[in-house]
């Protein structure tokens, strides 16, 4: 019902914790792990529900900073309490991923995650967009890691280069 | 920032706990207390935020059943986590009151309260309708209190009598 | 077009009535019965539409309390009048289950069930979440039934234990 | 809490019944009466709540046809059950007026009125638009009343004449 | 692209006109014709778009009353102008059927049909609910046709009888 | 109930027609006229309702092209049929302005204007944003009017210059 | 990842640029090209993302007017920035096509495209309705091209003729 | 039209840039600055519109990293392109503040900010909640600044202490 993925058995200590409320969220959240691996950012990944296992969650979150985690990515659906519950229990930056799946197209989870009270922010990304949660986590870590910054710059430049090449081809006179 | 109301200094032990997430919710929630007083149901009333004071909330909720509380009424706005957080921490029935006040007309709080995951229900009433939360709490307590049941029956009959009288007057031929 | 399920031919008298507006709601509402059976709570289950058979419904609801029913679970879709119609006719606690199926993702049934006028509450649970309706009914019955309370406590503890075990495994160093 | 208006002490028997769920709806619904008076259609007007006084409502609706009422206009807000409850109890055409006033801009009452199950229609008009409910009732009565039909035709022609005159003035060269 | 259905080659003159904006609406609207046939109400059925063929529509609508049509049922999707355009051009009662099919679940067509300006009503029924449009048309025609009224009463009684039978069976002790 | 504004008694023939459905829309639509005057574009302005005066509207629209009008700006609220009705009757480009004012924040008028069927477009701008309707009309006219194009370029450049100046001041070291 | 379509190797210089934010939008946008071809309007078609390749987009848009493009059609989904970004960088008329595909039925892209600030309009058409974008572009070009105007008039007349023929057949007595 | 605030004339170099799209957003965004001052985080504050001054914005954003800015807070309303436009032009973490003010309660700006395409995240906070944007920026900066981390921990503890004190007072027996 929960699992940890590391891209290497000798992995460096994880910097990002990926948490989600239900095992059914695993596939949506897997893009976060894949994206972090692309940038070489070590992470751990667990499934704990804020509403079903609040005490286990509180224990887990209480030890994150001491264990070296710098950023938490939390995904949940429906009355998506997980990101806010994590944010309530730590001063680390928490990134929230609203997940669709119920009857309301994810509008319930989006509002339940983004509309936090003053003093307890959750950095919300788009619906099911765990890729962006991972890119955002990488941007945060890159503030003190010039190597990551360079990777992000190249990542962005690649988009421009591909677009420029496509444009040139599309407008070529001999087509 | 929080207060307790009892309808008598020698009040019987409170049966209902009214909890709300922010002091600004006090006025909306005051109808719950007024309605409980009408039925003679003793209650206590406190303000604790699930997102700002999760540890204090957990301690408070953990002792409710032992202190004789039977039903919890929890009101909150925005990403309204309070009712669900209480429900996560107790097996007592929890009634949720979504409160308006933010930019989205309370749709955020309604969805954040009602869309709980299977296993952890919140009995949600209408937006700002703390009156109904109190009537529902009374209906629950009346299951083992025939006196309360009689009060509720009279409460309902009064509506019918008033409507019948109004109707008779409206349709009177000499008008 | 309607049926009654009892978990035993010698069943004790039903404590919960599960009512729904259309035979097409039967599958969604079947989770309520399954959950009540898990807790050993006897129930009956009928299909009566508030809009198509208002007189039959009024007769049925009028006899519920005398027949020993303590809680009503009412599910309906579209302009979901059933839960409110039942609540209008009894002082028993009524739990409403908004059911999706029409064009509007269930937002119509959610609002039609939860936005009751002051004095006539419906305890609304999440869309299609008849499981939570049954857990809520059990929580209400447990107020005067210590055996049920113990079952609910164990139900909740099992969630925590499973989460803690999953977490331990996920963070185990040898993975 | 309810009243009847007739445009003449010696009024002919009312043809239209205007019903609304709460005395607070009286002002919104008053445009219906004013419009019926403009067309000389006799009507009665009462306030009965479907959720608070279901038995009184059932009695009142049960006698409408026998008393000569041909069309019912029913207005309500929130989980607006009144129009549908009336339609469930009569085969007369029922016109529903969704009324705003709660937190959700009337979307709750609109959906609760319009989304009726097959077999039990409510002829829904726009939010708070009791004027249109009265025009629609007049259009229905005009099917067997040529005088009313002539009044409606003139009513429509007046709109065209006013628009044409305004247009001519707006496009006049000497302006 | 349009067709007329009559339940008999020697059919009486049609009393109801069923109009829809696009041939793709034909299946949704077919329930209206089927329901009218059940009540023996003669009707005609055509497809004309308000936005694509406004002049043809104006001509058609202009002759409806003279041809003996008493009620118009108009169905449309998206920016559903058809019902309102018909209502603008006649004083006959117009029943609007909002049709889903676009990206917004029919909310666009519902609002475009129901929110008419004062003076030009459209009697709106539920999304895709052309059955109810036909029942409503029958209720209107029954005001001057006692035979139809009797059919509608039987139609309603059948619902009650079926529900009562189902209830009796569901609560039978030997089950 | 309608009026025409020209920025000069000896005005050149109007190029843009500003039409709106109700005199109550005049203030919202006045920004369109003011913006056209800023660019020196001659226009006329009339109030005609598509639902109340469909014949007058059809006559007016039928003559627009012959009178030299090149672009129509049409504003309306509620079930905002006006822009689509104009578009149905002409091949000139029609710009639609959804106007708020009813209970639904203008979502009804936005959807009723933008969701046109294939073949009959309305160029929809933001809610109440008649300024943008006028800028868009000017951009269209500028395609064959280099003077207008130069004015639009300057209009855009002024935004950049003001922003650059503000930025420089904001970041000045001596502040 | 981007391509250009011309209906003839000796094509005249393109007058319309069709731009979209993601290769996955190509199919939805293909109706725009097909419609322009029907009217004989030369166009080019490229895929450039406003958020992923802002510099490439700025370069491309900066040269459009000089290259003879008169109208831009821009389609995008989600937080659909492309149409507004193009409009920010040119004074040519920009037509925006909101595209569905994410979790929110395209409501996100519709609002992100239509709600532009005063001074920077986007002519928004219906969800996925790239056909209408092309018709609108043709209507704009027809202002200075009588041949195109004649084609548009015939296009509109064909709708009327087909509807009139269908109507005649539907109402024929011998059917 | 733009201004910079520093909490000290000899301020350290700003770490956070607060940008907003319109001078009318200044008051909503002022809570961000006030909150950063509370934590002693130096910042600058400018007003630049993405849609009106895209070139000025691109220049400004292009220099942010070189000038030592670590986090950008961007607030905007309507089709709120600013946060996404900034994110498109930098690899720094960008925090988006959706601002209400138009007709749609801010739902337009929320969706336009949060629904970014994969690869270009915006860390979205609640509607008008610039306080949370500042707390989130502080949490990010605290990852490499133990002093800030201590301030955030105290900030959180103060909430718990106040709640615990309030609770104790509310439940005191002598009240």
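Note that the chains take the letters A, B, C, D, E, F, G and H in the order they are written out, and that residue 1 is the start of every chain.
The criterion applied here is as follows: contacts are C-beta pairs under 8 Å (C-beta built on N, C-alpha and C of every residue); 3 or more make two chains touch, one makes a residue touch a chain.
Composition by chain, UniProt nomenclature: A, B, C, D, E, F, G, H = N5-carboxyaminoimidazole ribonucleotide mutase.
In this text, all values refer to a predicted model and were calculated from it rather than measured experimentally.
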Return the chain pair with more inter-chain C-beta contacts, choosing between E-F and A-C.
E-F
Equivalent-chain rotation between subunit D and subunit B, CA atoms, steps of 5 degrees:
90
In whole angstrom, the CA-centroid distance of subunit B from subunit F equals 50
Find the geometric centre of each of subunit A and subunit F from their Cα atoms only, then give the gap between the two centres in Å, rounded to an integer.
44
Cα centre of subunit A to Cα centre of subunit G, whole Å, reads 36
On subunit C, where are the residues touching two or more other chains?
49, 52, 78-79, 102, 104-105, 107, 114-116, 119-120, 126-127, 159
A full list of chain pairs that touch reads A-B, A-C, A-G, A-H, B-C, B-D, B-H, C-D, C-E, D-E, D-F, E-F, E-G, F-G, F-H, G-H
Which subunit F residues qualify as touching subunit D in the complex?
1-4, 6, 44-49, 52-53, 55-57, 59-60, 78-79, 102-105
Subunit D partner contacts - residues on subunit E that touch it in the complex
31, 70-71, 91-93, 95, 110, 114-116, 118-127, 129, 131-133, 135-136, 139-144, 149, 152-153, 155-156, 159
Quick one: in the complex, what on subunit H touches subunit G?
21-22, 49-52, 54, 58, 78-81, 84-85, 87-89, 102, 104, 107-108, 111-117, 119-120
In the complex, the residues of subunit H that touch subunit B are 100, 105-107, 126-128, 159-160, 162-164, 166-167, 169-172, 175
